[in-house]
Each structure stands twice: as C-alpha cells, then as structure tokens.
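One structure, pasted below without further comment.
For clarity, chains are labelled A, B, C and D in written order, and residue numbers in each chain start from 1.
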Amino acid sequence: MAKLVRTDEEALLAEAARGFLDGAAPVSRLRNMRDSGETADPGLWKAMVEMGWAGILVPEAAGGSDMGHAAACVLAGEMGKTLASSPFISTAVIAATALRQVSDRRATEALGRIAAGQATYALAVDEGAKFDPANTRMEARADGNGFRLNGEKRFVVDGGNADRLLVLARTGNGLTLFDIPSGREGVSRERRATIDSRDTADIRFDEVVATGEDVLGQVDDAMTVLKPALEAGQAALAAEMAGLAAGAFGMTVEYLKERKQFGVPIGAFQALQHRAAHLWCECEVTASAIMHAGRMLDDDPGNASLAVSLAKARATDTAQRAVQEGVQMHGGIGMTDAFDMGFYMKRARVAAEWLGDYGYHANIVAQARGF
Amino acid sequence: MEATEPEAFRGELRAWLEDNCPDEMRDGRNDEASICWGGKNWKFASDAQRTWLERCVTKGYTVPTWPVEYGGAGLNREQEKIFHDEMRRLNARYPLQSFGIWMLGPALLHFGTHEQKKHYLPPIARGEVRWCQGYSEPGAGSDLASLQTRCEDKGDHWLVNGQKIWTSYADKADWIFALVRTDRDAPKHKGISFVLIDMQSDGVSTRPIKLISGVSPFCETFFDHVKVPKDLVVGEVNRGWDVAKYLLTHEREMISAAGGTMGAGRPLGAVLADSETGLTDPVLRADAMRAEIDGLAVGLTLERYKDQAEAGQGAGDASAMLKYMGTELNKRRLELVMAAGGSDALGWDDDRAPNWLRTKANSIEGGTSEVMLSIISKRVLGLPG
Amino acid sequence: MAKLVRTDEEALLAEAARGFLDGAAPVSRLRNMRDSGETADPGLWKAMVEMGWAGILVPEAAGGSDMGHAAACVLAGEMGKTLASSPFISTAVIAATALRQVSDRRATEALGRIAAGQATYALAVDEGAKFDPANTRMEARADGNGFRLNGEKRFVVDGGNADRLLVLARTGNGLTLFDIPSGREGVSRERRATIDSRDTADIRFDEVVATGEDVLGQVDDAMTVLKPALEAGQAALAAEMAGLAAGAFGMTVEYLKERKQFGVPIGAFQALQHRAAHLWCECEVTASAIMHAGRMLDDDPGNASLAVSLAKARATDTAQRAVQEGVQMHGGIGMTDAFDMGFYMKRARVAAEWLGDYGYHANIVAQARGF
Amino acid sequence: MEATEPEAFRGELRAWLEDNCPDEMRDGRNDEASICWGGKNWKFASDAQRTWLERCVTKGYTVPTWPVEYGGAGLNREQEKIFHDEMRRLNARYPLQSFGIWMLGPALLHFGTHEQKKHYLPPIARGEVRWCQGYSEPGAGSDLASLQTRCEDKGDHWLVNGQKIWTSYADKADWIFALVRTDRDAPKHKGISFVLIDMQSDGVSTRPIKLISGVSPFCETFFDHVKVPKDLVVGEVNRGWDVAKYLLTHEREMISAAGGTMGAGRPLGAVLADSETGLTDPVLRADAMRAEIDGLAVGLTLERYKDQAEAGQGAGDASAMLKYMGTELNKRRLELVMAAGGSDALGWDDDRAPNWLRTKANSIEGGTSEVMLSIISKRVLGLPG
C-alpha cells in the first residue's frame, strides 16, 4: 500500500489551494451568492479552471494535469474548509472519471472540454429520496437505432446549471449511462432551493431522444463506467466533508479561546476541552480514511469500494459531529444567520445525503467485511 | 369548576369542546403559521381562530390552571391532565400561546402583588397583550447574572439603558419583562431587578436577528434612556434573581415538555415511516429505536416530576435534568427525521429542515446543556467547585 | 394512569428493605459467598422470607402480602443497590406470577409454599445463547396420559439450587409450561460458573416423565401463564438493574469527592462533573420507566408489554453506562477485585442478557410503537 | 540485512519463516497461556516455543527493528511492515514479548549510554531477562509526576524507599525500571530519575493485585532500603521525566496498536458471527457496523502516523490520540463481543469475559482517557488552563 503521508506535490497543491481559496472563496462568497438569489458562482469556477483544477483528473494529452484522486481529494478538502461552491466534484471528478473509462476520441474531446472549463456536468442518478443507483427505474426505451428517455431524476446536484447531464436509465438488459446536453429537447429542469444554498435540480425527461453516440461505455453496462466515477465522487465528497469538519472545528476552537463567560475563556472549561479534544481525534481518524481512499483509487481502483465507503461514512459522521458541536459551543451566536456556522451545518446535511448516506456506506463496509 | 369529580369534569369538558371548537381548529397544528399569539396588533388568521379564542376566554381555557379571578379556569393537576387529554383527543389547536402565559403569568402569580396580578394577568388570558422576555445580553449568555443593562432610581421613575439579545418576538410584543441591574456595587446576583416595560415607551427599539433556519423569531432590543414607572418592579428591588431563577426552572420544564410530549405523542417510527424510505436501513432503524425508547422514558419522567410536585415532593433542580434530557433528545429526533427524509427533506419547501435547525437552539436557550449539567453536578450531586 | 409517585406504603417498604439489606446483605456478603465457592446464599433467602418478601406477590389467602408488582420492583431495586443475591425474582416474582394465573388448589398451595419459603423455583426457557421463548424447540412428547421431556435448557438462572423448575417445551399444537421438581428422574443439572458469581445451570432432560398434573395452565397454551410471569420478571430485573446503576453511581460520586489528583478532588474536574451529571440524568429517566412498568403491571397487566420492555431496555443501557463510567472514573482501583465495582459490572452484564437483552426489548418497543 | 529491495526481503523472509516456524507456533495465539515472556525463571510451555524463540534470536527477529549489534535485525519501516505481514500470513505467534522489548529497549536506545545498551539490550532480545515497569504509586495515578518513592544519593550508591503499584508481572520479573524522586525540593517534574533495579536486591518485595477479570497481572511492589549502584540511572539524574514522557508516548502507541491492529485484522463481523446468534438483531448489527468503520479508520490512522514518523513528520502529542481512540474502541468491540455471545459468553470457561473485563483497563493504564484528552486540549489545540 502506498504511504499514508502527503507527497511534496500534494502538500504544495494544498498550500496553493488554501492561498487561492482564502482570497477568492471565503465563506462570505457563498453568503453573497445566496443573498443575491443565485445557486451557482460561474466566476469562481472560472478561476478554478484557470488554476488547472478542472483538469486534475484529465490526462495530460487531453490538456489536464492528471494528478490523481488523492490530489483531487486534497483540493476538495481545501474547498470544504471554506465551503467553496463549484461543480468541481460533479464535473472534474465524477464526469472526468466516467469519461476516462471510455477510450474513444469523443471521450477524449469531452475530457479536453472539462479541463478547459468549456463544459460542466451533473450526475442524474437519484429517483427517490435516497441514493440507490442499482434500483434505477427510469426507462430508456429502444427506439430505432436509439433510445427515448422518460422519467424524472431528483436531487441532481449542480443540475440546474450544468451544460451536460450523465443520466442513468434502464435499458433492455440492464442499466445504461447517457451523456447528453442539458438543453436537449424534452429535458426540463426545476431548480430546488436546497438548504446549502447550492445548485440542485429535479429534472424531467419527456421522450428525450438519445442515440448510440450519447451512450457512455456500453449499453446495458453502465456500472463499468459509473462505478469508478461514483467512487471517485464519493471520495472527493468525503474529503470535502472532512475539510468542512476541520473548518467548523477551527472556528470553534478559536471561539473557545476568545469568548469569555464567568470571567474566563470558555475554552478553560474542562468539559468543553474534552469534547473539543475528542472532536479533534475524530477529525484525525477521518483524515486517515480520506487519504487511504485517495491512495486506493489511484493505486488499485478495482478494489477501492471498501476504502471509499469507509471514507464517506467516517466523513459524514465527523462532519455532523463537528457542526453540531460547533453550534452548541458557540451558543446563541451559532444559531444566527450572521455567523457562518449555520452554513457549515446545512452543507454537512446535504453532503451527508449526496452519493449515499452513512447507512448506505456502512452497509457496503459491512458487506466487504463479511457481515 | 362545579364538577369536581374527574369523570364528570371530563364529560362536561368533552361536550363543551365538541360543541365549541370550530372544525378548522381541529387539525392539531402548532406551527408558526397557525399559532395565535394575541396582542394589541394581532391579526387573526381566520374567523375560526378568533371564534375559538373568544369562546375559550369565556371558560378560562386559554390559561386553564390560573385562578378564575385572573381569567383562568382554576383547574387542578388532575383536571389539567384531562384538559390536555381531551384537547388531544379532538386534535384541537391551543387557542392562545404566549410568553405571558408561559413565563410572566407564573412569575406574577408567585411574586406579584395583588394589584399587579389584577392589572396584568386578565389581558394575557384574553390575548389582548403580548409579552416578550428580556434576559440575555451580548456579554451575558450562560453567565446571565453578569448582565449590565442599567436601571437607575430617578426618584419618581426608573431610567433604563442597555441592550438585550434573544428577545423572542420583541418586534411584535406590547410589553417586555426584563432583568436589569439596579445596584452596580452589589455582588452580581444581588443587584438585579425584574421589571415590566411598555415597548411603546420612548427609547425602546428592536432589531430582528435572522437565524440559520431562515426565520427571525428573536430580536436585539435596545433601551436608550427609557423611563419606567416605579411600581413596575416584580418582587423586591435587587431580588430579581429570585424571580429569574423561578422562571428559569419553569422555562426549562416548558422546553423539555416540548421534547417530552413529542415522545409520549406520535411514535417516532410513524414520523419516520412517512418518509418515502421508511426504516429499512439498519443503522437508521436502530437509532430510531433508541430514540423512541429514550423519548418515552423522558416523557414518563416529565409526568413523574409533575406527579411528585403535586404530591408536594419538590423536583427543585431536577428541572435542569428535564431541560437537558428533553432538548438533547429533541435534537436527536430531528436528526433522524432529516436522515429518514433523505434528499426530500433538504429543501425549504416543507418544515422538516427549519424544524431541525430550530432544535439546535433548544439546548442553548433557557440555559445551555452545559449549564444544566453544571447545576446538576453542584446542586444535586454536591460535587466540589 | 396511576400516579408516578411512590405511595407511602412503597416508601416504607423501601426504607425497611434498605435498612435490612445494609445490615444483612452488603456487597461483602456476595464476595464472601463467591470466595467460599458457593453460588447461593440460603441464609439470606431465609431472612428475606422472614421479612415477608417471598410472598410479596402471593395472595393474602395463601399467606402472602399481595403488595403488587410496583412493590416487588421496589424490593428488587433495593437488592440491586448492594447486589443482594437470592432467588427472589425467579421464585417470588416469576413463579408466583405464573402460579397466580392458575386458580386451582394446587397452584394456591404452591403459592403458599413460596410465601413460606418452602420452595424455590427457576425458569428453564433459554435453549440458545439468547432469550427467545417463542422459538423453543425442546420437546415434550405425548406419552399415554402424560409427556416425556427431552432436551437441554441453558442459562437457567437459580437453576442449580432451585427446588422446582418451570420448563417451557413444545407439545402437539404449541408450547406448554411444566412445573416439576428439580429432583425428578432424568433431570440432570450442571452448574455453570457465571461471572456474577450467582447460581446458573445448564439442565438436561432425559426422558423426564410429566403428567397432566405437572402442566401449569393449559396444554399448548403456555403463554397465557408465562407471558405475565416473564413480564413481571423482566420488570423486577429492570428494577434490580436500576438499583445496581444507582449503587454503582453512588460509589462513583463518593469517590469523585474523596480521591485527589493534581491537588484537588477529581470531582472538581468539570469533564467528570458533566459525565456524572449526565449519568444521574440517565438514572432518573430510567427510574421513571421502572415505576411506570410496575404501575402498568398492577393496573393494566394485559397491556404492560411496552412498559416492561421500555423499562428493561432503559435499565440495561443505564446499568451498563453506570458500571463503565464507574470503573473508568475509579481508575486503577476500579479494576481490582478488592474493590466492589467489578461485582457491579459483572452482574450488570449477566442481568443484561437474562430475560431478553437490549435489542430484544427494543424490538418489542418498536413493534408496539408501530415500526 | 543483505537484501534491501523490499520484494527480495519479503521472499527471503517468507522462505525462512516457512522453514523455521514450528507448526505448533502457527496458530496465531496471543493469549496469556501462549505468550513467551522469557526471563531467568521462564518455563517454556513446549519444545516448539523454545525452538521458535531460539531460531528467531539467531536472526534478530525477537526485536526486528533494533540494531543488529544489540540483538536485533535492523529492519527499516518498510521491512518491518513486511515482517508483520509475513508473520500474519503464516499466522505465526510472536516468539517473545516483554516490557523489555516494548518499553525499556526504546528508552535505552534513545537515552542510554553505549555501555547500558551493550549490557542490557542483548539479554532482552534473547529472552534471558524479564523486565517490569514501576511508574504509578497509590497517590500518583493520573498525576504521575507527584510520585513519592525516594531515591537518595548515598555517595557510592542510591538508596530507594517507597511503593509502586500496577507493576505488571513484578512477581515474575528479574529487573524493574522505575521512576523515583531524587530531588524532593525541586518542582515535581524536575526531581525525578529513571533507575534500573534488580528485583533480587535486598528489600524488594511484591504482592499481586487480583483484578475483576480474576487474574493478577499486576503487583504492588515495595522498596525497603534498597541499594542501587550509581550507574543504573538512565539519562541524566533529575531528568527522568523526559525518559518517562518519551516512554509514555511509546506506550500509548503500543496500547492503541493493540486496538488498531484488531480493526485492521479480523473483521468484527466475523468475530461476532462466531457467536451462535450472529448479527440478526438490528441494534447489535448497527453497533457492529459502526465499530467496524471506526476500527478500520483508527487502524489506518496508526499506519498514517507511522508513515509520517518515518517521513520525519513527528506525530508528537498525537500519540495521546491514538491511545485514547484505540482503547475506547477496544472497549466498544469487546462489549459487542459480549452482547453477541449472549449467555454463552457469561462464563469463565472461555476467554470472552476475561478479555472484555481486561479492556476496561486499557483506557486507564498508560494514562487515562481523561489525561489523553487534556493533553490534546492543551498541547494540540492550545486551549487555556
């Protein structure tokens, strides 16, 4: 197994990302976006593209930096610390990983467009209130040489603004993944106001025409392409949540040092000290699971499921603890919209659900471990 | 009440409720949009809401346990239980809710003069005057007794200067009951008084605080050279802390009752099963089972303490326990509601997310969980420090 | 619902019990029993009989005091505080309740013998590692006018010394409860050294003859008799565990006041204060569930299942927390056999399993609450 | 080692283990009855145990990371991982375990003089001398630095008087390494020295402490006018606290490794499924899933910290985290083992109950969980007080 220690390259990447994000994307940027009624921040994404982040999983030949999943997790983690809002996971991680599973010219060109910031993607998988791709029911009916897609996808993260959609649908003998432009006839998108103030949509497909050209990978065999993409997205999302936890925890520790009650900083109260110390331990342990997931995706992607689900489960648990303790330890101010902690709590809740919740991933871990 | 036999009382009450509660008021709603808060500027949401209030006022059912002379129905504990039972049976909304009922009423009944009671209680019972509470200050949260709002004796009046925070609905209230510092030289608990202030007075202003759930039930309230008549202190001057402690205990029981009643009421499993996903996930199912068990037991504890109080066995600092356990439980329950709801619950389009975020304040307002545990540690267990 | 406040009668009973047990059955009595290699303490039981405790659920006409289940729970709770070891629950609670379901002369005489201390009972139900009466497989084969019992019962609490056994076995069309002397031919008992130092046995039945006279209640209808008996036992055991938790907690609070480290009593450390306060809250909440179970058994026994399972689940959870915190807060001394906390921890573990563990009762609560 | 390429090393090692590890030693046992502790009075449990020790000694495999000159095999971190991998692959017992290997060795390697290393390390590596640890005292548990055992400079020797507690296997050990007070006037951390004492010395006596699990791995150890040669202080006189801190860190990592390795090793589900009842109960199943997730992640954290240490990124006070998380996890795991075992696990006739009770000491010995959290709070988070 590769070592669980950051490479120099990863350390530099983290440092650069932190510097950029502190300047370009503090939490106030998300707040401003929300207050202006927007759900996306194209300017921030453009700047990320210029930083080369859109191409972090794109082969060099297609214009990317091909730094790998561990590096993508480093970026997602830094974004999580200040809740930077972008289609990074949907586009640069999930879509790029899906496209890399296919080695045709079309896929290579699509990867090039991702790296160049010319196309954003959203993954349209969920149909019920919970992530459950294996039980997809939306149908892509065979029609001549192509298909007709009918049905509805829910909780399509980044789906309100994405240029393209990866759509999972049932075909004759299995599931098939389609890659279609979001503007195609018959696609209607309804933006939902999710609590994290970010882009989510419910998307209806009404007799949407798709050709063989629109199929990513093979018909009836979506999972060959989708499984690696989902795992990459789950790992990056876990990394974002671990970053979120670290960000919320950092604010909390600072507050414990500043806020005085009963004549002393509240961080001098041992009960709060021990809870903060426990939370730090949880963050550290989760960080290990995140790093391990990234390494496994890079080194042995065919066997990364356990590592990825472990990371997502741990990150979900840790992020929720961090924001709950964060609000409680801040007292009344933690409940106010004027203070940032609420943004962390709401993002943690949405991220907990996206791409599989704690129970979903706990079941995968349990199965992988034989129970 | 004429009918003192419990079952006779139940029969009469049931008949009255059946006859008088408008159909629209039988939906059991208790959300912000359906509550009747009353007050000088109150706009009834419907004729039914107005009718229901007016009819209850005639029977004293807005404040069923208050003495009849102050607008209540004078119910004893057993009758009170029956009253809530029957209201629940009919799924009736409560006709009126307010901080006057919950907080000021009990304070005046315990500490007020006869004149104060006669003057202030009946308008509360009739829903004519809406009160808010002014305790916390920016520098005095958990350490409430360090509050700094000044109240100076100017001979024929008091002069109040300072700022309160977390005053619920101060922007909609007619009056405020507040803790103020009347002696700056005394030890911090000994220089506080409990005063009543008309929100229409010159120098009073409010600013809503927006919460993470998107609503603004709380305000900052500013007092800038506000004159207050001399007879508006409740209890003795500089002994306001006694009133505050009494009310804090009362408030804790009230907040925990919200959680406890939930547990005794609709089963968590039923709440969660409303969600599309149900309870098939073993982790969620196990958590829900635990929360249900704890919720039922906390609900029984609330009943036990009330029964003990009625039997003259004071619960005392145990209210801190009810507050702590009830609010922590409520947070767990709403976390489960969100988890069961999945992506369905992530919008602002139903009340799950706002309710979930709202519960996070339960363990902060009315004394934090940490303050409750310290109270128990010192006063109940007698641990040092 | 009856009030959740102790009656004067119950308060007096508790006071008398505490006085007696502090003198007659401090934890050192259990320790001495163990150190002398015994698993039962007939002298203590004899004294309890003289106190009238064996007859607490026996009708006055049969020589008992008939004080009811809430009162039995009061006694069990006091016994739990100092780990008094006796067949009280097996005999005075479970067997007495079972016998009361049957209104024949034989049952009345048996109740009289219980009250007089002339007979002790054990309940032989478990066959696997978990309590699961509904899935009893041991067979009572019809044989002439009677039955032949064959099979093995495990974890028969108080079974090594009991005079009589209540045995659950499968008959033609259901389950049947037998009440037979433990000395009957074909019964062989193997005492097991359980960690709580108390009497447990595995019992083999080898062509044991039982007649219709030995059936308690009706053939093929054990549960009419057994269900109330089990619920009475579960409530009393929950009360014992709540008492155990209170006893362990009391020792811990005293230690927090006495033990000094870093120059102050360790009870001055806020982290320990808050944990102790939390534990007290848990104990209080559990006490309510116990009292409620007793009231329901007395007032509405046909609908007491939820209340009883709630009590057992809560008591199991609370007792385990109390002993775990007890050992941890005592530090090294809590780990020593010379100190009593280990006895509490071991009894809590055995009591957690007996008559259904947390999961068993949680399932009953969930079902009763519709999920 | 001649073969430095990892895979070449692995091949050679695997062949050697296959050829040399007796079949009886391939059962992976690590319980009290199967461990080889060594020492002057050691009675081998079997010829195979003796043979396995002797063969490993020739290769340095009893202390694989120690330098070859002190009896080790000089393995680097990568080779060490391979060593443990291959041992696990063969399910081989470790040939020798001891506090000399775990504790004194690292202390001497870091603080000892060359003479001390040459004199004391090889007999440890060969299993000839068994050591125990003398840190805690009846009044100095969590507050270890308040220890009172006196060690007076008598010119040509030290004179030791006092009492230690929780000395593991002191009744079976040949030597003890102990913390003693050499300066009673200095601040409490500044007057402590780390000394080596022959348990055969006049005035040393021990008394076993029986634990709740029924065994007596610990003793009280008494020093009554014990003479100790002057050269048996490790590190500087009065600077023993530095040695102790170094070893405490080391000890924490070791204790947490026990928990962490469990997580990385046999899945909890498999352990629990051995029980007759399996994992059908949703509460037990959910708890087991959570514990498995946390166990795997703690195991990875142990690996990560080792990798960081090798990369020169010191973990420092993070060992407190590993100790805390590892031991708390281990307690959870054994609670689950007991719950899954049901009444089967309630006897003394298998090792579940003793193992379960034993884990309760994990979060006390080597610094309590509370001390770990305080260390993290102050040194890592920089919280005041």
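Note that contacts are C-beta pairs under 8 Å (C-beta built on N, C-alpha and C of every residue); 3 or more make two chains touch, one makes a residue touch a chain.
By chain, with names taken from UniProt: A, C = Acyl-CoA dehydrogenase family protein; B, D = Acyl-CoA dehydrogenase.
Model, not experiment: these values are computed from the prediction.
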| item | value |
| --- | --- |
| Duplicate of the A-B contact set - from B-C, A-D or C-D, the pair where over half of the pairs recur | C-D |
| Rounded Å distance, chain B centre to chain C centre (Cα mean) | 42 |
| Gap in Å, rounded to a whole number, between the CA centres of chain D and chain B | 56 |
| Rounded Å distance between chain A and chain C, as computed from the means of their C-alpha atoms | 52 |
| Residues of chain B engaged with two or more neighbouring chains | 282-283, 285-286, 289-290, 370, 373 |
| Junction residues of chain C, two or more chains touched | 269-271, 273-274, 362-363 |
| Pairwise touch network: line, ring, star, complete, or other | complete |
| Of all residues in chain D, those that touch chain A in their complex | 267-270, 272-273, 279, 285-286, 288-290, 292-294, 296-298, 300-301, 303-304, 307-308, 310-311, 313, 318, 321, 324-325, 370, 372-374, 376-378, 380-385 |
| Chain D-touching residues of chain C, taken from the complex the two chains share | 126, 128-130, 154-155, 192-196, 200, 260-263, 266, 269, 271-272, 320, 324, 327-328, 331-332, 334-338, 341-343, 345-346, 349-350, 352-354, 357-360, 362-363 |
| Complex interface listing, chain B residues touching chain A | 136, 139, 141-143, 146, 165-166, 209-212, 214, 275-277, 281-284, 331, 335, 338-339, 341-349, 353, 356-357, 360-361, 363-365, 368-370, 373 |
| Chain A residues within the chain D interface of the complex | 1, 3-5, 253, 256-257, 264-265, 267-268, 270, 273-274, 276-278, 280-281, 284-289, 291-292, 310, 313-314, 317, 362-363, 365-366, 369-371 |
| Chain B to chain D touching residues, read off their complex | 282-283, 285-287, 289-290 |
